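Listed after this line are the structures, all set down as structure tokens.
Two complexes are shown next, each including subunit A; its partner changes from subunit B in the first to subunit C in the second.
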Partner chain A sequence: MDFFQLLAVPKGFGVDLTLLEANFLAASRRCHPDFVGADSQEVLLQSAMVNKAYTTLKDPLGRGEYLLRLEGGSTGESSRVVDPFVLEEIMEARGELDQNPTGGTRKNLLEMTANRMKNHQEQLLNRFRKLEFLQGLAKADTLAEIRQTLNGLRYYQNLFRDLFQGA
Partner chain B sequence: MAYSTKVLDHYNNPRNVGSFEKDDPLVGTGVVGAPECGDVMKLQIKVNPLTGLIEDAKFKTFGCGSAIASSSLATEWIKGKSIDQALEIRNTEIVEELALPPVKVHCSVLAEDAIKAAIHNYQEKQANQPAEASAN
Partner chain C sequence: MHDEIVGIDLGTTFSLAAYVRDGKPQPVRDSHGTALVPSVVSIAPDGSMTVGRAALDQRVENPQCTIFSVKRLLGRSLADLKDELPYLPFQVTEAVDGERHVLKIKAGGREFTPEEISARILSQVRTMAGNPSRAVITVPAYFNDNQRQATRDAGRIAGLQVLRIVNEPTAAALAYGLDRLRKGTIAIYDLGGGTFDCSVLSVSDGVFKVLSTRGETHLGGDDFDKALMLLVLKKTAREGLQLRPRDLQALRREVEKTKKILSLEDKTGIALRLVFADGPATLEISREELENAITPLVEKTIQCCREALRDSGASEVEEIILVGGSSRIPLVQRQVEKFFGRKPLCSLNPDEVVAMGAAIQGEILAGKRKNLLLLDVVPLSLGIETLGGTVCQLIHRNTTIPAMATERFSTGVDNQTAIILNIVQGERELAKDCKTLGKFHLSGISPMLAQYPQVDVTFLVDANGILTVSAKEARSGVNTSVKVEPGSGLTKEEVETMVLDSVTHAREDFLERSLIELSTRARMDLNHGKKLLVSLGETISAEENQRVSQCVEELEKELNGKDLEKLKAALAKYQEAMGPLAARAMDSAARQYLASKSFESLQSLG
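Here is the complex of A and B:
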């Protein structure tokens, strides 16, 4: 049973987050020792699995990585291809932040980064949707595109986190 | 795990930090990254057209101490070398010189990739030069 089945949400990148949370709460309740009565090893394992499924699917990057793995794409460690434009922009943004760590710069960069994250997620949504109609080489190409988009998203998410922490 | 004294030295006194004009035909620029840790590294070479040697190198790295040290060391090593010699530098040599622990080996890989990317960029620029400019 995969994480999507475990939390009873349709398999795909565009997960309904409200439904995901509701199903997570219901599933946690079902395997909570207070309700099950005994904290057997099995229940404990199931509870851990439910938690893992939720944290994975809740986060766009985690969800994308997980879905890509289910579809047979390559993992983050084996492919570090990133769009050169993304690297340049990250380089520039980090340089700007270094030189001028004040509120104004940070605010602009946060805005830019949030936009890029949104944009990457839209791309992921489209590419994962496209995937189900593809086979062979065309599928492999799209899987590679998804890999690259996920790598880009990771950069922007990291940058966003760093910008946020220093704000 | 503590950083080695060599890493600390490069980290505290990085060599060759800065950048060259990206559009200069004698400059090669390589920007590489490791998505899993978020490091970005830019390494640039400036080639002397008469000798074919890398006469200067600069870098800018946003990442951990090992990534900074690896790229700093890389610029030191490639200065004065020919393109072919610079291409021979292996990440394992960087690991050895800086005594990088296994979890930081990817930083040295990044530095090797950056050298290659910069050289590749330079060679591409040379190949795309108008004929009369490259005839000498």
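Here is the complex of A and C:
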């Protein structure tokens, strides 16, 4: 049973977050040790799995990585290819922040990063959808594109977190 | 024995129990209506112990042997406590057993672990609650794995089956019945005697989900007392002077009172004559002075709130709850209201609300409240030290529990059959800056080329927030032999012997006390008897004399022994032999007395 089945949401990148939350709470009510009234290893593993499924699917990056793995794509450790434009923008942004760590810079950068994250997520949505119709080399190409998009998204998410925490 | 599940708040300064009665959580109160048991244990020179209110009085009289705020020592090492020790009047040492450090408190000629002292407090609370066998015990949300384990061990030593360790703020949210908010975000500001945490929760149809938690395990009312003590020393030109333990404790007691009064009044006098022999009898302290002294500490708590709110991803909260006695301080309430932009909820007694919530959690576990569910989180990330001393985080903080994570490890050299992993908890990047929970020994790996074995190490955090680690070699599917060597705390075996210890010690303590009492009695009787024999002089027959001498000899012999039953028998025999002589002596004494008194003087005696 995969995480999508476990939380009864349609498999795909475009998860309905409200449904995910509701199904997670319902699943927790069924299998949390407090509810089952036992702390056996089996109960713990089941409940931990539900929690892990929820955490993974809620986060776009986690969801994308998980879905790519299900589709047979490569992991982030084995393929670190990133769009050169993304790398350049990230380095520029971090440099700018170092030189001028004011609230104004931070706000502009936060806005830029949020936009990029949204773009990347839209790209992922389309590419994962496209996968259904592809086979062979064409599929392999798209999987590689997804890999690269996820790598880029990771950079932007990390930058976003650092900007946010420093705020 | 009770079959209900009791909720217990094991606090730094006070502890208490609660049950749910008629659907409502209610603290267990004594005949005076008091629910709070001071978390204080005093050990007399003869080894006997007093717990709670009676022990509180001993803090000044017997400072070296009166243990308070033991919660701050629970699950910690000497290195963690270096800033605390100068302020503790009792002696704290550490026993080292291999990698494991065990904290010990020396008092009354014996050594105690913080778990044992906490168990005494729990035991007192348990007795007050009618000796239940199963309990839910609360801990600060920010307690690490060691501190949670130590709390559970203390419960075990006190003879309790600890069904769940629950975080204090989460318990407080339950007590306030905030499940009435169908959907919303709430924050809990918990400032106790020794610890602070701020947690942000979401509520949705009866499910409480902790979104984030931040805190300091060493920030609370005790620190406010310390700040106030320093202020008093400064104002009386005693700064930097070494105080005697007795004076330190007396000062602590007086500033504690002053602090509480200053939550109600603008200024008050602190009774220095009860502390120092010289100098002014009283010293005036204003609320403003107190507030100035504690502002940096309160600011620290607000910073934690800021971080917790940011981590939660929520922009604002619908309710803010105040928990812990120190949340009564007006400055604290003002700052919290200012930060969250709304008036905090404090309708329930902040000292009792946590135990009440624990009682509700007990009901949930008993299956009596199917509508409620708590989803708590890991407060601090869990990971493994990797080559070069950096940390590989396996479970990130604020992950919902139960939580699980697996990481693959391999060997570094050919034919390596064992791997040692250092398990750490904390947010820092270097392992040396995090808390080492223990060493994990993996052995029984089949000899293979380096990098070839695939050992999957699995971290599993249960609903108590306590970690267990297991491992499996992926190629062979064989479970690798695993030994976790804890960095601190007690082993399972030690806990078990302590459980027994407290039972046998209770019997030993009782026997010893009885022996002392009876010996004292026998010595008095012997003394009295000797005088009696002298006073009776020649009226004693040779036969009587011989019998009495024999009994005296036997009794003196048993007085040197340790056998309570034999001493009892010898004393009874002696008393029997002396009985008729005593009666005769009494008669003659009475006759002499009467003869010496006039009728009138006897009448006036009534």
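As a working rule, the second predicted complex is superposed on the first by the 166 of 167 C-alpha atoms of A that agree within 3 Å, B and C clash if a C-alpha of one lies under 4 Å from a C-alpha of the other, contacts with A are read in each partner's own complex, and residues count from 1 in each chain.
The criterion applied here is as follows: contacts are C-beta pairs under 8 Å (C-beta built on N, C-alpha and C of every residue); 3 or more make two chains touch, one makes a residue touch a chain.
As the structure is a computational prediction, the values presented were derived from the model and not from experiment.
Of the two partner chains placed by the overlay, only subunit B lies in contact with A:82; subunit C stays clear of it. Judged by the touch definition given at the top, the superposed model places A:126 against neither subunit B nor subunit C. Contacts of A:90 after superposition on the shared chain: subunit B is touched, whereas subunit C is not. Residue contacts after overlaying the shared chain place A:105 against neither subunit B nor subunit C. Look at A:54: by the touch rule set out above, it reaches subunit C but stays clear of subunit B. Of the two partner chains, subunit B is the only one touched by A:151; subunit C is not.
Overlap of the subunit B and subunit C contact sets on subunit A: empty, with no shared residue. By the touch rule above, subunit B contacts subunit A in their complex via residues 31-36, 38, 40, 42, 60, 62.
Of all residues in subunit C, only 164, 204-205, 207, 209, 310, 361, 364-367, 370, 373-375, 399-405, 460-463 touch subunit A in the complex they form. Interface of subunit A with subunit C (complex): residues 21, 25, 28-29, 32-35, 37, 39, 44-45, 47-49, 51-52, 54-55, 164-165. Residues 76-77, 80, 82, 84, 87-88, 90-91, 94-95, 98, 150-152, 154-155, 158-159 of subunit A touch subunit B in their complex.
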